[in-house]
Every structure is written in C-alpha cells, then in structure tokens.
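Scroll down for the structure; my scribbles are underneath it.
By written order: A, B, C and D. Residues from 1 in each chain.
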Amino acid sequence: MPSSERSGDAALYARQGFGAGLGIGVTPALLLVDFMHGFIAPDVLGSPEIEAASLASVPVLAFARRHNWPVAHSRIVFADDGSDANIFSRKVPSLLALTENAPISAIVPHLQPVPGELVIRKKVPSAFFGTDLAPWLTARAVDTLFVAGCVTSGCVRASVVDAMSCGFRTIVLEDCVGDRARAPHDASMFDMVQKNADIMTGSGMMEVFSRGADVSGAR
Amino acid sequence: MPSSERSGDAALYARQGFGAGLGIGVTPALLLVDFMHGFIAPDVLGSPEIEAASLASVPVLAFARRHNWPVAHSRIVFADDGSDANIFSRKVPSLLALTENAPISAIVPHLQPVPGELVIRKKVPSAFFGTDLAPWLTARAVDTLFVAGCVTSGCVRASVVDAMSCGFRTIVLEDCVGDRARAPHDASMFDMVQKNADIMTGSGMMEVFSRGADVSGAR
Amino acid sequence: MPSSERSGDAALYARQGFGAGLGIGVTPALLLVDFMHGFIAPDVLGSPEIEAASLASVPVLAFARRHNWPVAHSRIVFADDGSDANIFSRKVPSLLALTENAPISAIVPHLQPVPGELVIRKKVPSAFFGTDLAPWLTARAVDTLFVAGCVTSGCVRASVVDAMSCGFRTIVLEDCVGDRARAPHDASMFDMVQKNADIMTGSGMMEVFSRGADVSGAR
Amino acid sequence: MPSSERSGDAALYARQGFGAGLGIGVTPALLLVDFMHGFIAPDVLGSPEIEAASLASVPVLAFARRHNWPVAHSRIVFADDGSDANIFSRKVPSLLALTENAPISAIVPHLQPVPGELVIRKKVPSAFFGTDLAPWLTARAVDTLFVAGCVTSGCVRASVVDAMSCGFRTIVLEDCVGDRARAPHDASMFDMVQKNADIMTGSGMMEVFSRGADVSGAR
C-alpha cells in the first residue's frame, strides 16, 4: 500500500492500543524458515528479494552459532509417493515436488544446517504446526525467537503467529525475510509489528547483543 | 496495494502454481470469528467495515441454522485477574479488557449463539490454537469450513491458515469478513486466496447450496 | 492385577458411569503404531507378545487395504546427529538409536507400508503429537479409528487418548496390540475401555464389516 | 499387580534402558489436575484415595506460592447446553454434568486458586490438549513441572505424557495423586516412572528445594 495510507493506518492502530514492544528475554534462539533452493530460484517458487534475505541471514546465522543459540531450520517436504498430500498442496499443487531428495527442497548451500541444529520437515505454512519445534525450544528454555526466512506473507507469517501463540517473544529480522512480491511483504510486516512481533534488522540485533554481555544464550 | 500492482502479482503467482480451487465437500460448517461488540464499535477496537461484515453474516447464519450445519462462534476472553496474560496481550494490551462479562467481549446481538452452537473462548488470533474447535468439527465429520468474522488480517486469517492446516477445505466469505483498515483487508484476502482458501460471497454460497440439493449438511 | 480385583474395580466404574460404547461411524481408518523391528525383537525393546500382535495385524491390514481405508503407520525416528533429543529420549536413552536408516527402526517386513499409506515419524509416545496425523485423517473425513500396535501401555495408549481427544471414535484391536510385560498391558486395556475407546478383536472387527455392506470405507 | 511381578517387570525395563532420571531444572511450576469436588466425593466420581491426595497437596501448594512458582489448576468443564459434548463425554456421559457453575465441578475449598494462578477449563483427559497451558508455562520460562491431582490413571497420566511431549521435565508427586482404585494407580505410576517422568513425594520435593538455595523459582 502507499506509505501515506500506511501511516494513517498506523495512527489508527496506535489509538486502539496495538503495537507495544515485547523486548528480548534471557534465552534467544534463531529460526530460519524454508530457505530452500526452490524458494530462492525465481523460476521455481522464488524471487530476487528472497535471495537477498537469504544472504542477509548468513552473518545472523554465524552470530547465533558463535553464541551457542539453539538454531532451527524448516523445510517443506512431502512424501515421494504423495501419500501426505493435504489441503495446502491442493491449493498450491507445485508443493508436492518438494520431496526429501529433490534439489529444490534442499536448504541453500550458504545456510546449510550443522550437526546439533534442528531440521523441521513440515507440510503447512507454520513451522510449529504438526512439528516438534515448540517442545524443542521449550526443552532448551528458549523465551525469545528471532525469525528469518521466506516467504514473509506465507510461512514466515504463519510461523510468527504460532511462535507468539506458543508463548515466545518473537522478533522478525526484517532484512532477513523476503517474499515473491513487494506488496504482500509490506502488508505482512505491518500486520506483524502491530499484532504479533517486534521487528529489528539483522545487524541491529547483533549490535544489541554485542553491547549487552549478559543477554547471551548461556544460562 | 494499487490494483495494477495486485494483478501483476497475481500473474506471477499463477505462473508459480498458486491459487488452485478447493471446492466444497460433503459436510459444511460455519465459523464466526470474534464478532464481539468491542471489535465492531469504532471507538474500541473496531471499524464500520467490521460492522458491515457482521450484518452480511446475519442471513448466512440463518441459512446455516436452517440446514443444520454445525456452527461455531469464537470470542477473545481473558481472565478477570489477568492470570492468563500472554505474548498477544503484551503486544496489544487493550485485549486484557475482554473479560468474560465485559460488554465489549459479548457477541453482538444480531449474531447471538443459540443452544447447541459451540462458543470458543480464545486468547490468541487463531480460533483453533489451544481450543477444542478442530476436534469438535472432526467429531461432526465436517470437511468444509465457511469463515466469517473479524478482523481479516488478524484472527480471521490466522483461523483460516489453521483450518487449512487442520485438514478442512476452507472458504472465506469475503463480504462477511472485515478489518480496521482497507489495505490489510485487501492484502490478506489476496494471500488467502492464493495459498490457503477459496473465496465466495455469502449470497454466492447460499445460491450454490440452494441449487444442489445433495450438498446439504445432512449425512 | 488379579482378575477378582479387576472385576471389583469394573463394578465401581460402572456405578460411576464409565465405559459406554462409542460404536462405529461411517468412514473408518487403520492406525498401526510403532511396529518396528526394534520393538519386536525381545533383545532390543520388544517381547514375544508384541510379535504376536504384529502377526495378528497382518489380516487386519489386508482387510483395510481391500476396503480402501486410509492406513497410517507410525515409527519413532530420531535424527542421526541427535539434534532432536527430547525429554522422552532423556528418560529412555536407547530411543536415540532409532534413526531413519537403523534396521531397528524399520517397520517389520510383514507390515510394510505400500504407496499411498501415511508413514508418521514421531519422537514422543503419541502418533498425533507434533505430527500431521489428525489433519490427514480429517482431510479424508475419517470418523472412526481402529488401532493396532505397540506397546499397549506406552505409544498405543498415548495415541488412543489423543485419537479420542481429536474427535475420532477409537477402537483398540485387543489381539493386535502388545506390550513388554503382561501387567501393564492388562492395566492399560482396562483403563482405555473404561475411559477412552471401544475394544474389539481383529477378527471381530472384520466380521462386523463383512456383515454390514453399508459400513464400508467408501464414501 | 503383585509386587513380585512388578519387580520382575522393572528388571526387564532396566535391561532395555528405561527409567533414567530427568532431574530438576531452573524454573519449576506446579500443576494441580482436576481437584474438583466431584472427583473427591466417593458417591460421585471420586474415592477416599483422591481425597487423601488432595490433602497432601495442601502444603505443596503453599510451598509453591511461597516460592512464587507459576501455579496452574485444571477443571473439567462442559457447556451448560452440552454443545461441546465430545468422544470423551460419549464414553463417560456423567462428565457432562461438570458445568461451569455445578458444585461438583468446583475446585475443592482447601486448594482454591488465588488471583494470578491459571485455571484451565478442559474437556479431555490432558490439561495440555486444546488449552493454553503449554504456552502459559513457556511464556514464564518454566522447564520443570511438578504434578499433583486426579486421577492417576486418567487425567494425571494424560497430562504427564503431554507435559513430557511438550518439553518439560515432569515430576509426579506420588502422594499427591490418587485414583478411584488401587490397581490402576499402581500400574500408571509404574509406567510413568519408566517412560515419562520422575517421581518424588511432596515432602521430598520441598526438602530438596529447602536444601539448595539456588534451585528457586526466581530468575
């Protein structure tokens, strides 16, 4: 939407009491949503904006590893025989090609998981729905979840709403999330900051943690 | 977003295989999301668009009752003592005023539940998250869920994504959902029709069922 | 427990209103819980009783396939790098050896899934918790779930309680479930029939469906 | 089961690697399951053993409050009009009498919730299923859950399995849980300690926390 309209909406939301800040807790974790080859290549399900978000996520992932944060990656993976087809794949049939060994469902090389990082296989937008992500974070006492990934208006947003609903302070890294088109990205960022999550840039997040020595992942 | 931009996005989505139709199954149900006084009054958390959606839902609710569909209503209800405050209420503190007996949390008079209809009390956007809505629909063999309510970009959208993830064919009644501002409504309708749900008007839905005698709720 | 004590308990439960019958609905499905090599071999995590249950399940599986019922199998599968270790694996550390390609985590040859049957990978007792089993059954309009598998007092029981909570009429096939020891099996069968599920034998179930032509899985 | 048989089973379980200890984490909470009048009065759904468990829970609740632990209580509550009847209430029809204002569904006087304590209304055995209990604990950074309540083989056990599955170290307070009959209680305690939870007495728990000053609920 045009930015003039956006600022009018923001004023209305502020009057009605939306958009308070959540802040950062004691034990952060990082979630990388669906940074798969097929969501980055523009000729498959991707876009250049998603590729840029994946590149901006590289230093963030390195930072999280250096500070020993729990790190989780999600992928969309359907069974080879299509036995787990669902309403989502009926709506977007091309998703069924994202099978375990299909190159398009592989996480991109620059964000490859390392041993000890959780890899969630999911079949719906949210990385929490029908997975063990929330219990995994809970067992690690996580209270704050930083989110990168794609796409902003789809799997990122659904994961952010669920992260909040699961009880985590959720912070979207705005330059580390991308979408197929600009308008859905902008609209979802607006909605999330008003109702679900805080928003920071990747570098802004790293600066905050570098300043405050006691906000580390160690406890 | 401007409609020219929207149609360009739609073409991109179509090329990538989004937006297939789900169709209507055998056993439909109706979900009315958060049609509470406080979300309709513009001076609280509402807007005139939400009021219009609530009025358009009146004949739809009457139709569902006449055909004996399972009907569920959701409300946001927090405890009187604030003991169940959560991340959502930290982000939108005014939600804590929506207590069991507060007039603003009451369902509007023209959409009052009648005995036998489920009333879901929830504390997060989705009517499915942390509630017994999905099991209730499953026990009634529902396969198709029509959704009305407010707001489009918030609780309606979160409920629609979860309805799809729970395995229901989900159909948003576009004139029966409303939002606080036009841009978030339009953006969420675009996203939902591409990735989560079919879209019909209330009168279009009633016409389809009136034509085909065997698509009734009876089984 | 001694059978005299059992019957005294049953009388008490009957007086308090437990143990009503659920009956069979319109669309049945079959769930085979954790019939993995490691749970059948007595020297790993199994017992002879579990092997017997797996053999009794062979004609039941054949029957379900002949009638085109949805069929789901569950396996316990942990990641090769142990990244998804959880509280369950902390309590029973030997579970971590059940990795994707470990022979002990393979479904036994006589109950191998065929294309189109769902294979659930899980990390906790219930086949529903953190999986897409409930949405998969819902999308197929299932209202009745027959359950075979192992072990009765562990993953079977947890799955049965969740199946009921998810809204399915649940029927335990008593000769098709087995445990590591007799006492836990008997105690869990008693609890389930009182509070969660109906109970039939595999042959009893097949006889009921063979008699009544209209109780088929086709709809 | 006879204790001789029990010890034989325990030896088998130990050989197979069950029953490791979970230990106590940093932030404990207390869950009191279904200590409702109707589950304590022997002429309704209760037993003298359940009453004894409720009395043993009194000092435990006082201890939890003194240490500012999060405290949650669950009740079974069905709607006055029976609109939310489910498979559980079809199996145990007397549950439908447990409505919001029915005296039998009230928490017993000696364990009344105080402001700030969560009261979960549920319609299935587990206090986690279809409720906001897990998010509520997560938002309070809880990692260890002590469980009291009734009945051991029903709602306590289902809640304990789910607590473990949700990622919490779970500890059953054995003198603070009770059942309608002795055999189901004993069998469920055996299963839980082997596969799901640690076990302590209420006084043992209080002693542990009194000794170690740094294992308090404050963080």
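Basically, a residue touches a chain if its C-beta (ideal position, glycine included) is under 8 Å from a C-beta of that chain, and two chains touch if they have at least 3 such contacts.
On a predicted model such as this, the values are computed, not experimentally measured, just so you know.
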Equivalent interface to B-D, taken from A-D, B-C or A-C so that over half of the residue contact pairs match: A-C
More contacts between chains, A-C or A-B: A-B
Angle of rotation relating subunit A to subunit D [CA atoms, steps of 5 degrees]: 180
Whole-Å gap between the CA centroids of subunit A and subunit C: 35
For subunit A paired with subunit B, centre-to-centre distance based on mean C-alpha positions, whole Å: 25
Set of subunit A residues in contact with two or more other chains: 86-87, 124, 130, 135-136, 139, 165, 167-168
Interface residues, subunit B side, partner subunit A - complex: 1-2, 5-6, 8-9, 12-13, 16-20, 22, 44-45, 86-88, 90-94, 124-126, 129-130, 153-154, 158, 161-162, 164-165, 167-170, 180-181, 183-184, 187-188, 190-191, 194-197
Subunit B-touching residues of subunit D, taken from the complex the two chains share: 79, 81-84, 86-87, 115-119, 123-124, 130-132, 135-136, 139
Complex contacts: residues of subunit A adjacent to subunit D: 25-27, 134-139, 141, 143, 165-168, 219
